[in-house]
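In the two complexes below, chain A is the common chain; its partner is chain B in one and chain C in the other.
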Partner chain A sequence: MRGLLVTLQVSVLVLLIGTVIGIGGGLSLLYGSLPLRWFVRVYVDTIRGIPLLVLIFAIFYGLPALGLKVSALMAAVMALSIFCGAHVSEVIRGGVDSIPKGQTDAGKAIGLTFRQRLRYVIFPQAVGRILPPWVNTAVELVKASSLVSLVSVVDLMLAIQQIVGRTRQTLLLYAVAALLYFIINYAISMLGQRLEKRFAYT
Partner chain B sequence: MYHFNWRPVFQNFDLLWQGLLLGIGIALLSLAIGAVLGLAGAFARVYGPRWARTFVAAYVEFVRNIPLLLIIYFVYFALPLIGLRVLDNLWSFVFALAIYSGAYLTETFRAGLQSIAKGYIEAGKAVGLTRAQVARYVTVPLMFRVVLPSLGNTLISLFKDTSLASAISVHELTYGAIQINVNTWRIIEVYTVVGLMYLVTCYSMAGLLRLLERRFAVVR
Partner chain C sequence: MPHKLVIIQNLVKRFGTVDILRGVNLEVDKGEVVVIIGPSGSGKTTLLRCINFLEEYQEGRIFVDSQLMGYRENNGKLVKLPEDTTAKMRADVGMVFQSFNLFPHMTALDNVLLGLTKVRKLAQSEAEDRAVTWLKRVGLGDKLKSYPSQLSGGQQQRVGIARAVAMGPKVMLFDEVTSALDPELVSEVLSVMEDLAHTGMTMLVVTHEMRFAKEVGQRIIFMDEGVIVEQGTPQQIFEQPQTERLRTFLGHFAKTL
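Our next item is the complex of A and B:
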């Protein structure tokens, strides 16, 4: 079904964009200048303090009001990416924060530059701690993508509702939808567990 | 150029305020019902027979992997068709949110239960309490102190999830925002105010939670 494809596409796209934003945000929180940290902090706390639906509506209705005409899909992807970025920032910050300061100090002691420290000392150790929450965020994202049905983006949720409208097989179709979402998210969780095993050095 | 006009929002502020209170009420109620479900589920998973453990595990896994919106629609549109009393939209939502939170809380309580040192339970038995009494006077109070932070965070999460009630026309805060928007088209003003209302409420809840934690903190 096309709806399923839209859900998957939206989720993957948002995850990619959101992770990029999140890496930027997370590193800013950890290593940025004071004004940068303050700005990212406000961004993360604000986005995490409001419901996702409000964010989606605000962007979907608000952007055209400011003069920017975007399609429903683009508005939804933007809103979800902002949301995902905030979460990923926290995940990355938490992961890197949990690495003992001694590691960074040791890196500095043997003369590594900031870039080298990040690449050879911090990153390998942080990945193992970032991966589970990040996979969790991915699962949450697939579930959250169902909200785009409320701004008329035809994802799995809305497609199912349209079919229910045509055939009146409410119970069966919602059960099918539940099963599909479950399979997708369960698969993501399983993949996540496999990835975690690969990256577990510590 | 967009002309800011805040008056329509503040003229309809009572609509938003009532929606906010309703949202908080729904969150609390769903948390309470979900906590009952979660407690039962946790006890079933830790102390129950094999079939109960599998059943609860399946329930938790299933509910945690599907969107809340789907659960809401299922309860509101699909359940009445198989004879379950036709619940109105508010109670459908509370029920759906309770099912959703029950799954998460089962995991929270299970972790809490498993973190209680065996010594306490054995002490209870040594003093002569039956298994049920041990559960009631020893396990549950100890467990509540441990799970309090998670419980609070779940409440804040549930409060944010109440915004989905607008999808089935429950008159909570987001629905109020949509209504004002539809009538006056003051989009940015409405969503700024509503966003701030959500933010302030969430932060207040978090602050209250921290106060509670200080009062009931687990003695380690």
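Our next item is the complex of A and C:
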């Protein structure tokens, strides 16, 4: 089951890169200079507005046309990361934005600097609000990663299709595929719920 | 002449095209308790928020202990200071809010500790001593480990006061701190403030509690439409109001006075 491993690796890698992009993007949307805010806003809205498959094809076929050689796996990871980053940016922005403004006022009033306010006041509260939509994004991402099979990355989806090609056990094998995706995502959801409990405060 | 701790000169504050403050002049002595009254929308809260630079202002100057707040002067023009510099200055100005604004993810003790350890950079043990001392002073010695959500409004606001005072500020700002409280909880907060006033703390208090203004205020400022309309001792303001506007305003409180 090499394919399963590829799906897991791609998902984890993309989620990491996407979250890093998302934190940068989200903070830029909230606190960046006007040009930076504009830039990120255009990025987020554009990416969220086009189908992921178009994005994957654009990078897989587009970069070689520009003279950049990338493997199918690399192109897939890039496309998914850009996609994930846009979604996480919005998740982070929304989560931080939902913290009442009085919290910032209170942090300022005791003399905390911008970074201290984020670290001690805003983020600890925002995490609890960011986690649920973030887990949602992660689940969507694992499912969406099946699209990379269309640029010949042998992930879970393509591996199953290859076996189907040999054995003709269509119904059974796609049921197995569905079950495997479900198990991964169920695990993510469970993990998310446990994390949420940990970050909830009374 | 006593030391002027807060000096506000010709302060103008606009939100877009709306003038919130239209030239406010005010000097506060060290140890003085100044109570600011006035109808809502008169600019009282904005005035307080300008003093610790939670709001930027467009014209005029605010000095706290001779330091220009939030800006530096460059050829007569105001240039905003870097955030970290402003943060240092803010640490010397304590503020208590109408909506408490306690950090909900921290215990009462941690709320008070945060500024002491991260801004004042006190050692943990020293910071804890100071935080516990203040929480005891506001009557919450048994609530150190409670989270804000487990406290009543009055208790939360007393934590808010402890959090601000523990920093050792030069001046304390109180922004309608009892307005969000159930009536029976107002007095426990006011008595803490009165206690603080007696220790010689310099205080600017925006409030609708006229009894408190009368009994604790040394000087009363009446603001309306972004300017100071009248000021004087509690006796002058409450017993011999000079302007029609103040008389009308006080009329609304006639029943409670």
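In the analysis below, the second predicted complex is superposed on the first by the 201 of 202 C-alpha atoms of A that agree within 3 Å, B and C clash if a C-alpha of one lies under 4 Å from a C-alpha of the other, contacts with A are read in each partner's own complex, and residues count from 1 in each chain.
Simple rule for what comes next: a residue touches a chain if its C-beta (ideal position, glycine included) is under 8 Å from a C-beta of that chain, and two chains touch if they have at least 3 such contacts.
Keep in mind that this is a model prediction, so the values were computed, not measured.
Undergrad: Chain B versus chain C on the shared chain A, clash or fit?
TA: Aligned on chain A, chain B and chain C fit with no clash.
Undergrad: With the two complexes superposed on chain A, say which partner A:A178 touches: chain B (first), chain C (second), both, or neither.
TA: first
Undergrad: Between chain B (first) and chain C (second), which does A:F57 come into contact with in this model arrangement: first, second, both, or neither?
TA: A:F57 sits against chain B, while chain C stays out of touch.
Undergrad: Once chain A of both complexes is superposed, is A:A144 in touch with chain B (first), chain C (second), both, or neither?
TA: first
Undergrad: Answer with first, second, both or neither: which of chain B and chain C does A:S152 touch in the superposed model?
TA: So A:S152 meets neither chain B nor chain C here.
Undergrad: With the two complexes superposed on chain A, say which partner A:Q161 touches: chain B (first), chain C (second), both, or neither.
TA: first
Undergrad: Go through the superposed model and pick first if A:S71 touches only chain B, second if only chain C, both, or neither.
TA: neither
Undergrad: Look at A:Y120 in the shared chain and tell me whether it touches chain B only, chain C only, both, or neither; answer first, second, both or neither.
TA: second
Undergrad: Touch check for A:D105: first (chain B), second (chain C), both, or neither?
TA: Once the two structures are laid over each other on A, A:D105 reaches chain C alone.
Undergrad: Quick one: chain B or chain C, who's touching more of chain A?
TA: B
Undergrad: With the two structures placed on a shared chain A, what shortest C-alpha distance in Å links chain B and chain C?
TA: 25
Undergrad: Would you mind listing the overlap between the chain B footprint and the chain C footprint on chain A?
TA: In chain A, nothing is touched by chain B and also by chain C.
Undergrad: Going by the contact rule at the top, pick out the chain C residues touching chain A in the complex.
TA: Within the complex, chain C touches chain A at residues 52-54, 83-84, 87-95, 97, 99, 101-105, 114-115, 118-119, 147, 149-150, 163-164, 167.
Undergrad: Using the touch definition up top, name the residues of chain A that touch chain B in the complex.
TA: Answer in residue numbers: 46, 49-55, 57-58, 61-62, 65-67, 139, 142-147, 149-150, 157, 161, 164, 170-171, 174-175, 177-178, 181-182, 185-186, 189.
Undergrad: Which residues of chain B touch chain A in the complex?
TA: 2, 61-62, 65-70, 73-74, 77-78, 81-82, 160-164, 166-167, 174, 177-178, 181, 185, 187-188, 191, 194-195, 198-199, 202-203
Undergrad: Considering only the defined contacts, which chain A positions touch chain C in the complex?
TA: Result: residues 100, 102-103, 105-106, 108-114, 116, 120-121, 124-125, 201-202 of chain A touch chain C.
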